[in-house]
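For clarity, chains are labelled A, B, C and D in written order, and residue numbers in each chain start from 1.
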């Protein structure tokens, strides 16, 4: 046993020292740092499949203006140094035109390199507010509204539905959780909302009964969650509903997935989520592309009857870049970063055929639009309850 | 000062503390017998909660069957751990043994992801949900019942270790391994037994924590607070585990209530630093006598 | 087969490289290091820099844990202090790496000494938790001291240069990191040849006896904390220069555990151990990825399916080493070397 | 007295309720071999620990060359020249024999951290001077040159004791405190050790204070014997005086047959086993 173990260790080490290099292909290359493991694994896996499926679907239908897409990726489990390593490796080996990154930390770390040397545009799973500054992040793009914008959309909705409403913000004590809080406070004030409480919790699984005690006293009309996926939002809702409170609950992108009604069941009824995409599971089809996506999914994954919106995010991410390539090719321009960037910035009122819930317009290095959706727990779906809300 | 809020928070804090005490008890039992700091205790909690989820949520067995089975599962996990990776480490430096348990926690996290998937889960409701009011005082039902169950097991453990043969063997081993061995106590058996019971306590706590806080493969990280509890109370003191658990649970909750959640870790770890400087072996821990 | 070495003077007996063969091997090694960046792919070059930084940090931790026997879970936090300080100095004072890194190291050393203060009263695992408390407190400071740390968003390094040379490529970083790593390791090796290194080991092996024999415990424990933190601070500074950004999440508790694992896998208390450990632990995730890639042709979805397996393997490696080779890779290396010396005779 | 290098006055030490030493006073004459004897649990090692500074006596004073050193921290006492060995060999297992010995010289070396890291001029010169001194004075003297590069863990018991003695010598002792230097040794090893101690005393003029159970050796080489029982000093004087002291005999035997005890002491004194 000991010998086998030592032998294995030696083999591993030698393998590591001779990392092979491969040659780049002519196709359009899309590279990705995937998030299959790690704390983000629950979403990363689906997101990754969304990207993969979209590219396969596109390639099966002749590619983008004849260009096939080659998709390469590696998993990093939400670790910055690994992501940077993967970026270097994948860009060196495949020279991708597009890159899907992961954490905010990675987006920041890679920014100087991204600007300096590579012919690559990047998007990622980060909606960090800081990335909306195009002068600082000219090669990065947020596929959707930033966290601040998401929060603003929800607050706008609340202010419209109940002017002067009492609002509480609950967020996790992590980089992600703290991101839009200051801006959110300012926005609430601007909208004339009464911000009665801001609560910080540890991320992940925590007991929230004390926080419920606080909210019980402040009696907010709305509680806005940011920085969570599912827990402990369900617990807040459960306990506050048990207490007979009429508070409405709302949350930003990562807290607005199907997990809400799938896991928290009837407790989640009436929960409000902000979403720039449509959901996989809708009462009626929002458009042709959406139908195609459903059909393709049914064909290649017959076992997957439904998909969380992370999958939609992956699909949409692929779609945005495909559109950018398509438009650039149509305009007869070369596929360089600058041309692609210009094309991207020129997108105005693009109809995505039902994938996005809003007409796509690019502004502030992002797509600062969204709609508010409401959980219908009995039916097991989100239903749109607002018009498109734009943040300027 | 809103006294009602103060008392409500205090009760919530003590209830959390009771669960901390239970995990800490499991931790201390293991430490007392085997001198091993088990950094994987959070992951044992997590796996046990997943076992409960499997039995009660997926197989839809009655919680009264599922809960003991999950505890048994947790206990067995502890026992197997002891046999496979702790026993061969006998006599190695404490750092190495700690690292073994850290390695184990990584294995368990990965295993949980492979078996149950990476997404967050919610346990099926098995505790009464109606909020409890004591006069004006509101207590969240889940946390109240969890605390009661935790206290129940705590009492059972204390009685058991005080009076049973196994308990005596454990205490004998804890105070002097060689002497215990020469008195005919099978020390390896005691080790295994400590890991089994210690992990079982953690298992129950894991289910209770997951019941109110949800569950994911990374849930085990909550055990950081448990480390504070056991160091605070003294690594080898059952009393320390009980008192430390309640105190740390209370303090953490009060910090959250009056200062904000971001100060929780800061407060308990700052407190810990002070305690360590003033009482290097915790409030109730045995001072190791140094010899030349 | 080498038979023996005849040395006639004390300096030659205490030299680091005692034989001609060793010197030759060392020359080959240095030559390899020099040519490596020009033949490697950008990815391996990146990894090499990462390994270099890890070697410095692991060597620092080895001084504290391996040589002096004080367990620390605060190493990641110390690296954070170094990283923030270096970036702050570079951006606000316009300093180059040659100045900002040592200063960052010194500040971190000061922090380390303060964190080490309980070490006189607190031992073993109690100390481990006390140092963990320090890293929690440091993390809090990173998040909340916004004017300096940039709070949540962290700070970006605008001005990465050394002696006026812009450190904007991995190649340049390589030629900064690798020599520094060599200096760091030589420093540790030299330390072991002097009274300070002996005092450290004495404190580790039998602290009380050491005190009676003339070693001032507080002084050497704190010195060890300080020196170890200095290494961590410098490694953190290099990390910051390498990634050009520091956020509160750059150095989580996992970092401390990673380095502990590295020195244990490598072999605690040896000079070679932290080097091998740092290389191994940095490359393991990469190696596992390559292994997964090998399976892909057979199992197209392998990368997705096997990703969590890597987490398991990572843990299993730590456990495996501790069970089957508790003295780490350095011991494996030593055994191999002895075998090769005596070849063709059986040992 | 001018020629007493070490003087203990009224040392009392207790742990909790347990009295380990009560009011112990005696002197150690310079250049002589003094032995502390007494049954197990008499407090001999505790007394050593009090002299080294590891235990802080509740009462009493310790004078070294006429100066009260009772408040000094253990390393300071070592630097003054109070060197000792330990009952349960306290060698540093992670170091070679040579390094163990060198560690003894710790408090006399001056290399600072920076010099050590770069091993520049001064540090190297100091280390080489130390090596030379250790080699010529100690290693040659104690005849341990063949094991100098071995790890101490692999050494035989007798050799480990000898390395401990070497380390104590490297401290540059004014007084050498030896805690059971020959305990557990075979006869040959004992004789070697006794010869080293005598040589040290006679050739180097070393003052030795030792705790020893082996009566034969104590009686053979000691100039002065101090007897402890239950933490109290019950007799002191030359070996001959002590041997005949009825208190001592009672202490060793408990009670009863004095002549038998005397015979046993006498037999042991002859060195046969």
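Rule of thumb we're sticking to: contacts are C-beta pairs under 8 Å (C-beta built on N, C-alpha and C of every residue); 3 or more make two chains touch, one makes a residue touch a chain.
In this text the structure is predicted, and so the values were computed from the model without any measurement.
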item	value
Intersection of the contact lists for subunit B and subunit D	C
Chain at the geometric heart of the assembly (C-alpha centres)	C
Chain located farthest away, centre of subunit A as origin (C-alpha)	D
Chain centre separation (subunit B, subunit C; CA means) in Å	33
Subunit A-subunit B separation of Cα centroids, rounded to whole Å	36
Averaged-CA centre spacing for the pair subunit D and subunit A, given as whole angstrom	73
Where subunit C touches two or more other chains at once, by residue number	143, 208-209, 212, 308, 310-311, 317
Where subunit A touches two or more other chains, by residue	36-37, 41, 45
Multi-partner residues of subunit B (each touching 2 or more other chains)	110, 113, 118, 262, 265, 292
Touch list for subunit C against partner subunit D, complex	10-11, 13-14, 187, 190-191, 193-199, 201-202, 204-206, 208-217, 223, 227, 269
Contacting residues of subunit A [partner subunit B, same complex]	36-37, 39, 41-42, 44-45, 173, 199-202, 204-214, 216-217, 229-232, 234-235, 238-239, 242-243, 259, 263-264
Contact set on subunit D toward subunit C in their complex	52-54, 73-75, 78-79, 83-84, 86, 90, 92-95, 99, 102-107, 109, 111, 113, 115-119, 123-124, 126-128, 131-132, 135, 167, 171
Residues of subunit B defined as touching subunit A within the complex	2, 5, 8-9, 12-13, 15-16, 110, 113, 117-122, 129-131, 138-143, 209-210, 212-219, 221-222, 253, 256-257, 260-262, 264-265
Residue numbers on subunit C that touch subunit A, as the complex places them	41-44, 46-47, 50, 143, 151-154, 156, 168, 170, 243-245, 247-250, 279-280, 283-287, 289-291, 303-304, 307-308, 310-311, 317, 320-321, 324-325, 329, 332
